[in-house]
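The following pair of complexes shares a single chain, subunit A, combined with subunit B in the former and subunit C in the latter.
On to the complex of A and B.
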């Protein structure tokens, strides 16, 4: 083993171009495996996070939500949008049998004009009935969310003075929750009084968001929790029948449509990883076999000097391990350097919930990628090594190979 | 160490000529005792190298036995036979036999690290001095001429002072002066107790040999 290491190092150093080519090939394989796996894991994490953030049984929005930026756009991608219905709809929803909690939310797209610090989505909630946003915020912020307090999504930069102004309403940044991998990371949260103040101010400033709805009585969506013993499907149907010009959608339908898209993307990435592995394995096998054939005379010389077949096999295996380990570590490290810092861009391009896995999970993926890449190298070395065993040294020397 | 070959034969299968079986070595007996230098001459393709490779444990005979002090080398497992070859047999094969990733000195001392032993660099340098390439100790084989490469191979084969030396055309690429140097070294090795087999076309070699054999069409005859 010591000898095979000694000679392998010498061989790899003396053939830098050949070594570099094989290392690059293995690095490419490791990059594809680890990068692809991190993306798939991030998508799965994102979906899980989105599911827990959505949390409601039924989501009710005005019919025109489709034309003014859908809830999906706001929640998934953080694209600012707004739509409103009269708060009387909230009362009607609450009166439907089977509705345990109905909590309003208010969406306000801020302007890039001078009245606003930055262009983002503001989501307001009613602290008395909210069962979605406050539990999430409490994971990182234990204080109360008072008037003119803002909770800022993980993707938003906070000014040094901790103040943000929207529609001339100056607010204080109270907390910044952990990343969710959804559009919620690009939004700002305020209680009902604060967002109502902003909405009134926006109306006064001439922003024509509210059409025929009175800004004081405008509600964007209603998150509904269905009481035990009632069918979510039936309650959603009742809302659609009894409350006019709204659309009640089961939250699981929203999640399952995203899950379907995610499954498709994950499957494509999975197939690509498999194809890259097979392709790299074939290329490595061809390369190692060619190199082994080229080195028939070298192996014969080693036999002459006293090397056993086992030593020759160990030599090939050691070289292969050194090459594939080097390539695997470089490829995996590169994928971490590229895929992790650019996760925001990847997530927004995919248009799906995207949340990086925790450090432990990333380490496991990296270890798995190194192992899979090294396995390809080891398998090829076993196959090419078995060819040497068939060669009779005396014949190689006689043929002058 | 006494090298004995009993009734050894070897045949080759010639793919390019259908299923024609070619008998390269007909039933051959040979004994090389310690202190003896045996020369085998003959035309190309007469079976000289086949005989040498069989004696070296590198080419299994179709029949017969090869024994070193009574031990059948082909009855040994590959690992045991390989280590035996490393310790007891100095082989100078035909052609260029330097490993390209090692320097001349590392090539010469190669038998030692193979089994975890420390390379005897001083002894190796002495041998390189004797064959006239000591100044090339740190060069790589691709920087050497054919003759220099042959001398590297000779120095490597003699490094362990082996009990048996098997030399296949060791003077093939050498000038007259170096030919005599190499033949003298082989003679000295025999005089120190080694059993030496020299396969050569070189006419001068007979002067250094105790016995000369001629190989013709796979048959070994005393000249």
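On to the complex of A and C.
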């Protein structure tokens, strides 16, 4: 066994170009498997995070917001947007049978300032009725959210002094919740008083976002929780019939449309991984078969000097394991070094909720990809190794003479 | 006279460092946004520092390729490690960047300043082992 390992190392070193080519091929296979798997797992994580964060049964927005897809932009990609409807609609929604809680939210997009700043989505909520944002915040912050307190999404860096100023309104950063992989990470949360103060300051500074809206009597969206025993579908229908110029959408419809997109992306990645695996398997098989055919005389001589058939098979298998293990480790490490740091840009390009799996899950994926790549190498070595047994030693040596 | 052989780690080190340098100059750099007063933003200077470090690292990798002595090669590889650590900590730690993680300096430049130095450290560590074994022979 030790001799076959020694001989394998010598063989691999003697043909560096061939060894490098096979290692690169296996590395490419491992890279595709582990990189693709991390992306698929991140998309699945993102969807489950989005589902849990959406929380409401029904989301009510003004007609124009739904038709422009603005709410999806805010919730999924964190693209700042704003739309308003009269707050009287909130009372009408609350009066509809089957509505257990109706909590308003207010969206405000900050202006893009000069240095190191950009337009940011600010979401105002009513602490008395909110059942979505506060449970999420409580996972990391147990204090109350007072006036001029901000909850900052995970994608936003907090200044050293812990203060952020929007429209000349200086606020204190109270907490930064964990990452969700959705647009919520790029938003800032405040109570309604803070938002209204910002609006007043914005108005004073000449920003006319609210020229046709009475800021004190406006809301952007209403998150509805349906009471037990009522059908979400029926309540959403009632809201659409009885409250004019709004669109009530079931949260599960929003999630299922994203899930559909995610399923498509995951399927494409899955098929690509499968194709790469099959392709790499075929190339490795051809390469090992050619190498074995080239070395028939070498194997015959080894047989003459006393090497058993088992030893020759072990020689081929050891070479294959060395090549595939090297390639698998290189490819998997490379994919971790590239796919994990660049997760932000990958997620934003996909336009879907994207949340990296935990370290343990990533380790399991890496181990799985190393195993799958090595399996391809091992299978090819078994197939090509079985050809050696068919060769007749005497015949091979006579033909070569 | 002993023949100067170019090993796999010589090529790997040079390729990663050249990619890091070209990336910082052409692909991974920060956006060219200028402040209202006409001055550059912090992330611009972080990009300049990273390009500078990448240049130094590329020169070291080139010297590593050309110098035949195994001991010196190991020393040059060791020199790449602190340079990589420096590149690693420049964006966001030594020089603050923009506000949002979705912005180019955070979404592209910082990951590149993590990925390339990590690869250099791994390749340099492998090379140190190879060169020290060569020297021992």
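Here is the rule we use: the second predicted complex is superposed on the first by the 389 of 401 C-alpha atoms of A that agree within 3 Å, B and C clash if a C-alpha of one lies under 4 Å from a C-alpha of the other, contacts with A are read in each partner's own complex, and residues count from 1 in each chain.
By definition in this document, a contact is a pair of C-beta atoms (placed from the backbone, for glycine too) under 8 Å apart; a residue touches a chain by one contact, two chains touch by 3 or more.
All values reported here derive from a predicted model rather than from experimental measurement.
Trainee: Touching A:20, do we find subunit B (first), subunit C (second), both, or neither?
Mentor: In the superposition, A:20 contacts subunit C only.
Trainee: If we overlay the two complexes on their shared chain A, which of subunit B and subunit C does A:310 touch? Say first, second, both or neither.
Mentor: It touches subunit B, and subunit C stays clear.
Trainee: Which touches a greater number of subunit A residues, subunit B or subunit C?
Mentor: B
Trainee: Looking at A:6 after the superposition, I want to know if it touches subunit B, subunit C, both of them or none. Which is it: first, second, both, neither?
Mentor: first
Trainee: Touch check for A:302: first (subunit B), second (subunit C), both, or neither?
Mentor: A:302 sits against subunit B, while subunit C stays out of touch.
Trainee: For subunit B, which residues are in contact with subunit A within the complex?
Mentor: These residues of subunit B touch subunit A: 49-50, 53-54, 56, 58-60, 78-79, 81-83, 85-87, 91, 93-95, 97-102, 106, 110-111, 113-116, 140, 156.
Trainee: Which residues of subunit A touch subunit C in the complex?
Mentor: Residues in contact with subunit C: 16, 20, 78, 114-118, 120, 154-157, 185-186, 333-334, 337-338, 341-342, 344-345, 348.
Trainee: Can you check the complex and tell me which residues of subunit A touch subunit B?
Mentor: Within the complex, subunit A contacts subunit B at residues 2-3, 6-7, 10-11, 13-15, 297-298, 300-311, 392-395, 397-398, 400.
Trainee: Would you mind writing out the residues of subunit C in touch with subunit A in their complex?
Mentor: So the residues of subunit C touching subunit A come out as 8, 35-37, 41-43, 92, 96-103, 106-108, 110-112, 114-115, 118-119, 122.
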